Amino acid sequence: MDFHSDNAAGVHPAVLEAVARAAGPHPRGYDADDWSARLDGAFSDLFGTPVRAFAVPSGTAANALGLAACVPPFGGVWCHAEAHIEVDEAGAVGFYTGGGSLMLVPAPHGKLTTAVLDEAAARRRGDVHQVQPAALSLTQATEAGTVYAPDEVAALAGWAKARGLTVHMDGARFANAVARLGCHPADISWKAGVDILSFGCIKNGGMSAEALLLFRPELAETIPVRRKRAGLMPSKGRFAAAQLLVMIEGGVWLENARAANAGAAAIAAAVPDRLLWPAEANELFLRLTADERETLRAAGFGFYDWELAGPDAARFVVRWDQDMAAIRALAAAIARL
Amino acid sequence: MDFHSDNAAGVHPAVLEAVARAAGPHPRGYDADDWSARLDGAFSDLFGTPVRAFAVPSGTAANALGLAACVPPFGGVWCHAEAHIEVDEAGAVGFYTGGGSLMLVPAPHGKLTTAVLDEAAARRRGDVHQVQPAALSLTQATEAGTVYAPDEVAALAGWAKARGLTVHMDGARFANAVARLGCHPADISWKAGVDILSFGCIKNGGMSAEALLLFRPELAETIPVRRKRAGLMPSKGRFAAAQLLVMIEGGVWLENARAANAGAAAIAAAVPDRLLWPAEANELFLRLTADERETLRAAGFGFYDWELAGPDAARFVVRWDQDMAAIRALAAAIARL
Amino acid sequence: MDFHSDNAAGVHPAVLEAVARAAGPHPRGYDADDWSARLDGAFSDLFGTPVRAFAVPSGTAANALGLAACVPPFGGVWCHAEAHIEVDEAGAVGFYTGGGSLMLVPAPHGKLTTAVLDEAAARRRGDVHQVQPAALSLTQATEAGTVYAPDEVAALAGWAKARGLTVHMDGARFANAVARLGCHPADISWKAGVDILSFGCIKNGGMSAEALLLFRPELAETIPVRRKRAGLMPSKGRFAAAQLLVMIEGGVWLENARAANAGAAAIAAAVPDRLLWPAEANELFLRLTADERETLRAAGFGFYDWELAGPDAARFVVRWDQDMAAIRALAAAIARL
Amino acid sequence: MDFHSDNAAGVHPAVLEAVARAAGPHPRGYDADDWSARLDGAFSDLFGTPVRAFAVPSGTAANALGLAACVPPFGGVWCHAEAHIEVDEAGAVGFYTGGGSLMLVPAPHGKLTTAVLDEAAARRRGDVHQVQPAALSLTQATEAGTVYAPDEVAALAGWAKARGLTVHMDGARFANAVARLGCHPADISWKAGVDILSFGCIKNGGMSAEALLLFRPELAETIPVRRKRAGLMPSKGRFAAAQLLVMIEGGVWLENARAANAGAAAIAAAVPDRLLWPAEANELFLRLTADERETLRAAGFGFYDWELAGPDAARFVVRWDQDMAAIRALAAAIARL
């Protein structure tokens, strides 16, 4: 009955088994083990293009390390005003880039458009007295639970490329976006112009590893030493790599995302008039008064108030392993209000 | 037959079981889970004093994050010229402190003394034109496989305290030092003046978590947000915490270190005249010609040449799970040379 | 006829003479010279309270170095969305703080209020996942040429203090604000709760030195070494200090600001219906169509379009040494449009 | 009678006149003024090759900003153990590079050789666990008052280039080296492989500006914005540029250096047996007991003890404007000891 966050999700049994299989002694540490050695290949296969892949211990690490590959200390990152890198990462991009800035752009439903970016860019001169734009960061699925269609990603990436910017995607819920769109993962990443992808696994059935993917090899050049000096390179690298491999090689990543999305869709379908905006992945943002929220909590449901969307808003996140009975119970409880 | 590194060690079964027990969904993410909530208490019990404990994914992260708590951007860290933070962490201290410096002091057998520190300090004026010393970092057991006795730690920490410096200990092999000395862990840490301890677990049977311990609560104040923005705070914090808890609550940490030390001692006892200096923990540095090293490798033994100690030196590390037959075989093979 | 910027102003003769008097050899370099030794005292006299004063070569240096004294790498600075530190300093605060962030607050006419700050603060949780607010930065006179009255400064500083924040004031045109208000400089600085003041001289008749003032001695503790390592500490410190001393000890600072303000007031009085908002210092923001701007430029007047205030806006800045004939000519030319 | 430092020198009259000529209002601020616009050309003429030139307020700023152009945050700078960037700049390189490291190499008489560099480099593995060497920094004239001949510079630069390193020269006393060698400034800079030169003026008759020179245009790409965000870009840039122009266009730089060198040579010639090593520029390092030093000080001579060179060492620096009588008096006084 807990809908606070997909960070509360369990670990998929296949991930646990993969970790156990790696438990014995192994002659090579750091990234020289047999599992880490397969990462690039496995992700290249999944995406249908050469990929450099690095295991990191958190989404924050993936985002900040990835952006450090393309944003100089004097550089800036265009992103949504409610982007996770702004709201929930304690300034990690500033840390990893050595002082780079986020350039915040408000827009409805968590989704940037070229129109709002044009408007924001028009207010900057770009001379030597200003932070120098270096990257565009998109979140997919967005922090508002919406999803960019392939052509939307392509339009935004095109906007960025025309200005010499690198395109980063915070894909903490990339799997949920792919599941929603029914597209190939390439369609909303490198084929649409994304250069760097934080490929989320932990919320989606993983344990302690996310993947940082780089679709242009030159962007990966400084990553190994940056990752090492950030303390992100595990001495027993096989345990992180094994988790990532089993997620993607076995299809767990997509299967889990579909399950979570389906749960959210079931709730959304039951209470369509309460949706603040479309629920396109595994998060729902609902119009609920304080009294209604209290009623739900009294009935045992856990979730966050969402002040960012106003005083009568709440967020519900459905996990990959969410109990279907709990999902039905929540839908019914809201419908009864 | 592999003696390259204790990073090649396996994971202790108890660690794997602890991780498996944490695998189900859990309502609270980040550090709010039931395992993380017990970390401070468990380490406080182990050390017999209030301790703030944080799980981090690598020894580099523990060292750099810990030093960031006490070294300003304009500060310096006295350390041995061969300290791991200098030789093997890719400038992590410079990164985490925002530009702080290591102040290197050469000394025999990996061990600092107040005499060599005095000599080094006498060459610095300390005025505003210079890096401002802020910390002393000791490694225990040292990078040379030697161990500081409690009174040696106390003397060095006293030297630091007299100069207003914070004392950090890189304890990647802290357990091996305790095992060697037969002392209480407090005797070579807070009771001897250590303020911050990187408590190593991964080399010693852990999987993917080390512990950063702070013995003075005010030093821990900035750690949570520094850890978060460094991407070191796992969203499913329970998996890191569970590993640490089982290591220390079950006594695995000390048992494993004893086993590794015993293996090294067995080899040392068999070839005493080859020791470059005393083998006091689980590392041996041996005098071996290039021909002799080739002979050993041809026989299937893995190890590193150790140029830092000259052209005829090699390093052997014994793991907690090293096969006793392999240990005996190595001792015999060297004796036969 | 040039109204682009007060950076175009000349150097006051007294400043030039002071520099010339310092030109001979002097036995002590850096800050040990006779001029630098008097800085603290002279500013303490001017402000009527103990002040630590440091010469720096630019307003950007004053702002960023001052904020580095109170903003940790994981900290944030509340400031107006059009603050100079955001719009015109190329990310200097991020550099000097080691990754700190600006937290931008839009508000009319360049002036923050506690109401807009309350609203902005309500959108932040302040937990460990977020940048930690550490300072409030006000600009006086503002970037919009408006001025905070003493009680407005006090209210904003009170808001900050209640939240544990340090109060910084970018006083590139502090003299113009004092001249406008007719108050004692203390009334809009330390008496109103300001802790750190960038005291501008260069736009106001100086040559190459600004003053960074700290009204709380503990805030000055790290400044000397931060200033040195930033390359801001001149080896012949007497030339910077001599400029600052002559500006404040001779009253030049206030006399010049009055002259500049009077020029702006004369223009404002002649074209009151064109003012986008009150012209309270030496900057005017006027409603002018593209055709009108072209007419003025054709007549020889220099000024900037001001897109930030819309398509029909322009900025005029009056210098301390602006020719009165040019001022009258501009007023007349605009009136004629 | 003061021989402490050339920072005690006066400002050359031509410099003062140049500043006075720039004192009136000027329509363009920052670097758009007529003086700044001529900097590149003037230095290109002096060096006989295209040069990008930037005025900065201190030698520390020149060194750190220049190295930031070529040293990434994870990079290292080979330099002499007694280099000014290590001993006297409070960690500026760490600050400007965002965490880069100095890699110290001891060597006699302040002079690096390829032999000592080879030895130091042999102790580094260079893998991802280590700081990545990025630059070699030489000081010319050295901190020991010695001078690298053109072929020595070329040999060291060749060593660096063979390893992919950029070559930086701290030329706080570059003029003194040119004066000593009687060579063209190109011979010990770009023609010998130097990429970046901190061209000192302040010690040598300047007032408040040094020049940062880049001999490869691509190295200058990030300098403008790095300089701005460091607060090193003066809003009235003409005053810094005017100083530099008059120093080099009028030949003052070389004339002054010759005068200072001649003074030092006169003393050296009078007391040859006291020289700790050759006095090749304007600094002398002499063997003097504590009693002898006391005698000299009692006679009114000012100078520093030089502990770095042992208990019986002292440093004397001759300024460009040093009184010849004082020089003779010092020589006589030492000879009398």
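Note that the chains take the letters A, B, C and D in the order they are written out, and that residue 1 is the start of every chain.
Here is the rule we use: a residue touches a chain if its C-beta (ideal position, glycine included) is under 8 Å from a C-beta of that chain, and two chains touch if they have at least 3 such contacts.
This is a predicted model, so every value here is computed, not measured.
In summary, the chains found to touch both chain A and chain C are B, D. When you average the Cα atoms of each chain and compare centres, the chain farthest from chain D turns out to be A. Looking at B-D alongside B-C, one finds more C-beta pairs in contact between the chains of B-D.
Between chain B and chain C the centroid-to-centroid distance comes to 50 Å (mean Cα coordinates, whole Å).
Separation between the centroids of chain C and chain D, computed from CA atoms only, is 34 Å. Centres computed as Cα averages put chain B at a distance of 41 Å from chain D. Looking at chain B, residues 30, 73-74, 89-91, 94-95, 98-99, 128-129, 132, 225, 228-229, 233 sit in touch with two or more other chains. Interface residues of chain C, counted against chain D in their complex, comprise 2, 4-5, 7-11, 13, 16, 19-20, 23-30, 56-65, 89-92, 94-96, 202-203, 207-208, 225, 228-236, 239-240, 302, 319, 321.
Interface residues of chain B, counted against chain D in their complex, comprise 73-74, 76, 87-91, 94-95, 97-102, 104, 122-123, 128-132, 307-308. Across the complex, chain C meets chain B through its residues 30, 72-74, 98-99, 128-129, 132, 222, 224-226, 228-229, 233.
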